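Can you keep this structure in mind? I'll have questions shortly.
Letters A, B and C mark the chains as written, and numbering starts fresh at 1 in each.
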Amino acid sequence: MRSRRPRRRLSNAGLGLVALAVAIIVASATLAPVAFAAPTPQASAWANIERTARGQTVSLWMWGGDPQGNAYVDNVLTAAAAKLGVTLARVPIADTKDALNRVLAEHQAGRTDGSVDLIWVNGDNFRTGVQAGIWKCGWADALPNIAYTAPGDPLLASDFGTPVRGCESPWHKAQFTFAYNAARVANPPTTMPALMTWVREHPGRFTYPAPPDFTGSVFMREALYATSGGYANVPASFTQSAYDRLTPALWTTLKRLRPALWRAGQTYPKDSTQLDQLFASGQVDFTMTYGPATLTALVAKGTFPRTTKVLTLKEGTVGNASFLAIPTTSAHFAAAQVVANLALSPEQQAIKADPRAWGQFTVLDVKHLPPAQAQAFANLPKSNVVPTYPVLARHANPELSASWIPKLDDGWRRQVLTGGE
Amino acid sequence: MKRFVLLILPAAVPTALVLGAAVTMGVAQSMGLTPVAGGPQSSLDAYSAVASSGELAPAVVISLSIALVATAIAIAVGFTTALAMTTTRFGSKVLKGLAISTIPIPHVIGAAAIGLLLADSGWLARLFGSTAGNWPQFVAGPWWAATIIEYAWKESAFIALVVAATLSRDADELAKTAAVLGAGPAARMRYVTMPLATPALILAGTLSFVYALGSFEVPWLLGRAYPEPLPVLAYRLFTSTDLEVRPQAFAVSMVTMAIALVIGVSALRLFRRQVVTA
Amino acid sequence: MTAAVDLVNLTRTYPTASAPALKGVDLTVEPGQAVAVLGPSGSGKTTLLRLAAGLDAPDDGDIRLNGASVLHLPPQRRGIAMVSQRPLLFPHMSVLDNVAFGPRMAGAGRMQARNTATRYLELVELPGFGRRRTTELSGGQQQRIALARALAATPQVLLLDEPFSALDSELKSQMHQLLLELRAVLQPTIIMVTHDHHEAMLLADSVAIIIGGMLQQHGPAQSLFTHPQSLAVSRFLGGRNEISGEMRGRAFHCKLGVLRLADGTACAQGRAVMVIRQEAVRLVELTATDADTRGIITHAVAHGARTLVEVCAEGVPLQCEVPPGTPIHVGDHVGVALPVSQRQVLLDDPCPAPSRVGTPAVEHVH
């Protein structure tokens, strides 16, 4: 999976909270379906799906590098699914591409009883799956709980520029965020160009993961927006002419940044985990993440310094949503839909939004939820480290189309990683 | 001879099948015969694309260098350890136990452990009170030190056990026989112990060289972003979201396999010559 | 190519063993002489050779060649070669290079060493085998090459550690013949460990017996058989007759009566055991004048070509070996002659002899 970037161990306190959440869920899950039991044709179709789903096992393949996310799925979501007669089995993977490759291989082999029923996915991986025709489509729009999302929410209608078309059901929203150590950065920059200036003035104290790592790739897009004079100047869909026009300035900037990076830009962290380690051990003063909600727990646990602060940029940062997709090779379509619908329910979304449980921003339109469900979101704890999602997403920049990403990653390798001055 | 063939059949047939299927698939995919999207089309485009990208040559150089240095260290350490194993009580008990306990550790775990040990903020750096910046760049450094150390450590245990099994007690007895016939320590090493160990050293060394050449996880975990060793390059191309470059991943794998084959065959010839002249 | 060997008070205890492998062994071998070391398994014979060769170091004692200690010298500088039970040929070398190894190590050039090796191959009667691989040879051929290799190193002393024990009897006697011929030509000083009495007597000038890490007796083979200096030696050499009794004056009193001893033996008194080789005991007519006692035949079993006969005389079992063709019937009454010159009396309790410090534990009695 990509669009989060949470990490690190769940504290004991967190586990306790998860247990508490389980209790809440067990109570509410039995009540939840009642609220929607309006007898419409759609509802009876859904009832059929729920009936078919009973007794099926769903393999949810998801990036396993975030213990909090793993604990949430294992302790909360799985228990709620069991109430609906569905066994949820989480398959941890090192990279969402692994699940995609598995499905591609099974698809090539013509299997219909594949090992993957549900994948946490977005962006270029989703687009790759669309290209290869490995997603079941149209089902996500028919989920009962999709009604709680804001109609026409651009983040949910298009996934990095690829139209969603009911081929995946929304799960989390994310906002790309820089964090810094306030003890070492007295006057934090407030724009991307100012950040670059800071980097050059403080050699060795900043770096970013090497694209095609997801986080490094996002950083590069932020830099592209900055060197292009704002996201409005970068067309969302890839064109060669836009690439040729806009990227030279990006490469020049990143190359000039290189000598001032950690280890003089001779190498880069492999992924955001390594960057976080560098930040945690005080070797760099900035880190970056697409899952800022986890910062609270990391600071509370002492992994990150207490002086960790979120850096809000005047021009805003990119945001996206991540989804659950069902491959065509799945033999448990009905149960996979039931799990996707459950994951989208206000109860699950509220628990999941609690930083002590997982801390993933909701995809629902909280302002228009029924009061009972809205209250759960209002009760979410406040963080000293991370502002609320609305604050973070105030000047949210749209993501570029997924077709840009491999081109930019490739360009970075050629121009910045291996290229000369 | 016939009986020998029958005896190895149960092992050889599945191996040949699995290997044959994998290689066939690899060749087919590298030649664009089984694309994920679009129709099959036979071509060597993937090979020329990966060759002209300027990434293949540095990958070959860095992969060969890592494998060569790691294997050389592993042979030196492994051979010395094997001698200690076969000639001393300490060696036969403690060293053998250490080597045997090293074997089942997967390389990926070994790599993670080496990473924790040698990283800038790792155990050793803390133990020596090193502050950021002045600790040697073992992990992700320009000399691939952590990668080489991991291979050398794991493979030296392997080589030590293989060579010790070959030398067993006889080598010690033969060395003593040579001593009684007037051979000093250097002559015993040169004329008796080394020649006895050489065939096993060639075989075990080749295996560990080829392993270091083709393994992905160690350089991926402990290496640097550029240049990429062959398996890391292949993996990156394989997991690229651009399905068009997937055949290139297999092309890189096929090149890796070809190099490993050439090395394997030359080692076998060297081995035969050793045995014949022995 | 020959030297006097003196092993002085050699003592060695292995770290893991409770009892010493060797305890104060003194053994002297004159130049060109061959001594066979006999003893039961685990008695320390091989340890003795390993210490002499320098493959192991004694805890105490000294090893001297021509009077000079070689204890501080590593094996390769002692001038002592060794052939083991296993040939231990170098598997990565041709037969010729195996034999040429010693000369090479001594500094000869490759060609010169090979020429020398060729001569030794002829000496062990394997000319033309030089280019073969060692694995192509039979066990006996391998052992001959091992012998040639040891001899080609021109050692002052040759150690043989049961070199022929793995060979069948025909090969073994060929090897014995070969070794005798080599001794005649090269005259090396030889210390040879064996557990085969016949081999020891055939090949060696003298025999040393080691039991429990201690040298029991060293002397000409014949004297060991007829005049063992302890019951242990007697039993080890297969002596079967032990008659309990008492020394009074110059005579041995036992159930068989009073047995006289040969003249000129020192006199010790007290409880004692008389031993006499079964080969020396003779069956005679009941009425014969040389019959020392009479008894009844209780057992008769074939012992090679000869027959081992047990006679019960006055309640004492006596065993004798009789030549082939002697008519023997169990239950017959016979006379038994115990030749005076073959009688050997060993005291149960060694009598202290203050005049001779270090007197052996047993005394000769006539």
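Here is the rule we use: a contact is a pair of C-beta atoms (placed from the backbone, for glycine too) under 8 Å apart; a residue touches a chain by one contact, two chains touch by 3 or more.
Because the structure is predicted, anything quoted here is derived from the model rather than measured.
Undergrad: What are the chains that subunit A and subunit B both touch?
TA: none
Undergrad: From the C-alpha centres, identify the chain that is farthest from subunit C.
TA: Greatest centre separation from subunit C goes to chain A.
Undergrad: Name the chain with the Cα centroid closest to the overall protein Cα centroid.
TA: Answer for the innermost chain: B.
Undergrad: Hey, how far is the Cα centre of subunit A from the one of subunit B, in Å?
TA: 38
Undergrad: How far is the middle of subunit A from the middle of subunit C, if each middle is the mean of its Cα atoms, in Å?
TA: 89
Undergrad: Rounded to a whole Å, what is the gap between the Cα centroids of subunit B and subunit C?
TA: Distance between chain centres, rounded to whole Å: 56 Å.
Undergrad: State the interface residues of subunit B toward subunit C in the complex, per the touch definition above.
TA: Contacts found on subunit B: 170, 173-174, 176-184, 187, 191-192, 195-196, 277-278.
Undergrad: Along subunit C, where are the residues that touch subunit B in the complex?
TA: 53-55, 74-77, 80-82, 84, 86, 88, 90-93, 101-102, 105-106, 149-150, 153
Undergrad: Once bound in the complex, which stretches of subunit B touch subunit A?
TA: Touching subunit A from subunit B are residues 34, 36-37, 54-55, 119-121, 132-133, 137, 140-142, 220-221, 224-227, 236, 238-243.
Undergrad: Which subunit A residues qualify as touching subunit B in the complex?
TA: These residues of subunit A touch subunit B: 95, 97-98, 101, 104, 107-108, 124-125, 127-128, 131-133, 204, 210, 212, 263, 266-268, 270, 277-278, 281-283, 402, 405-406, 413, 417-418.
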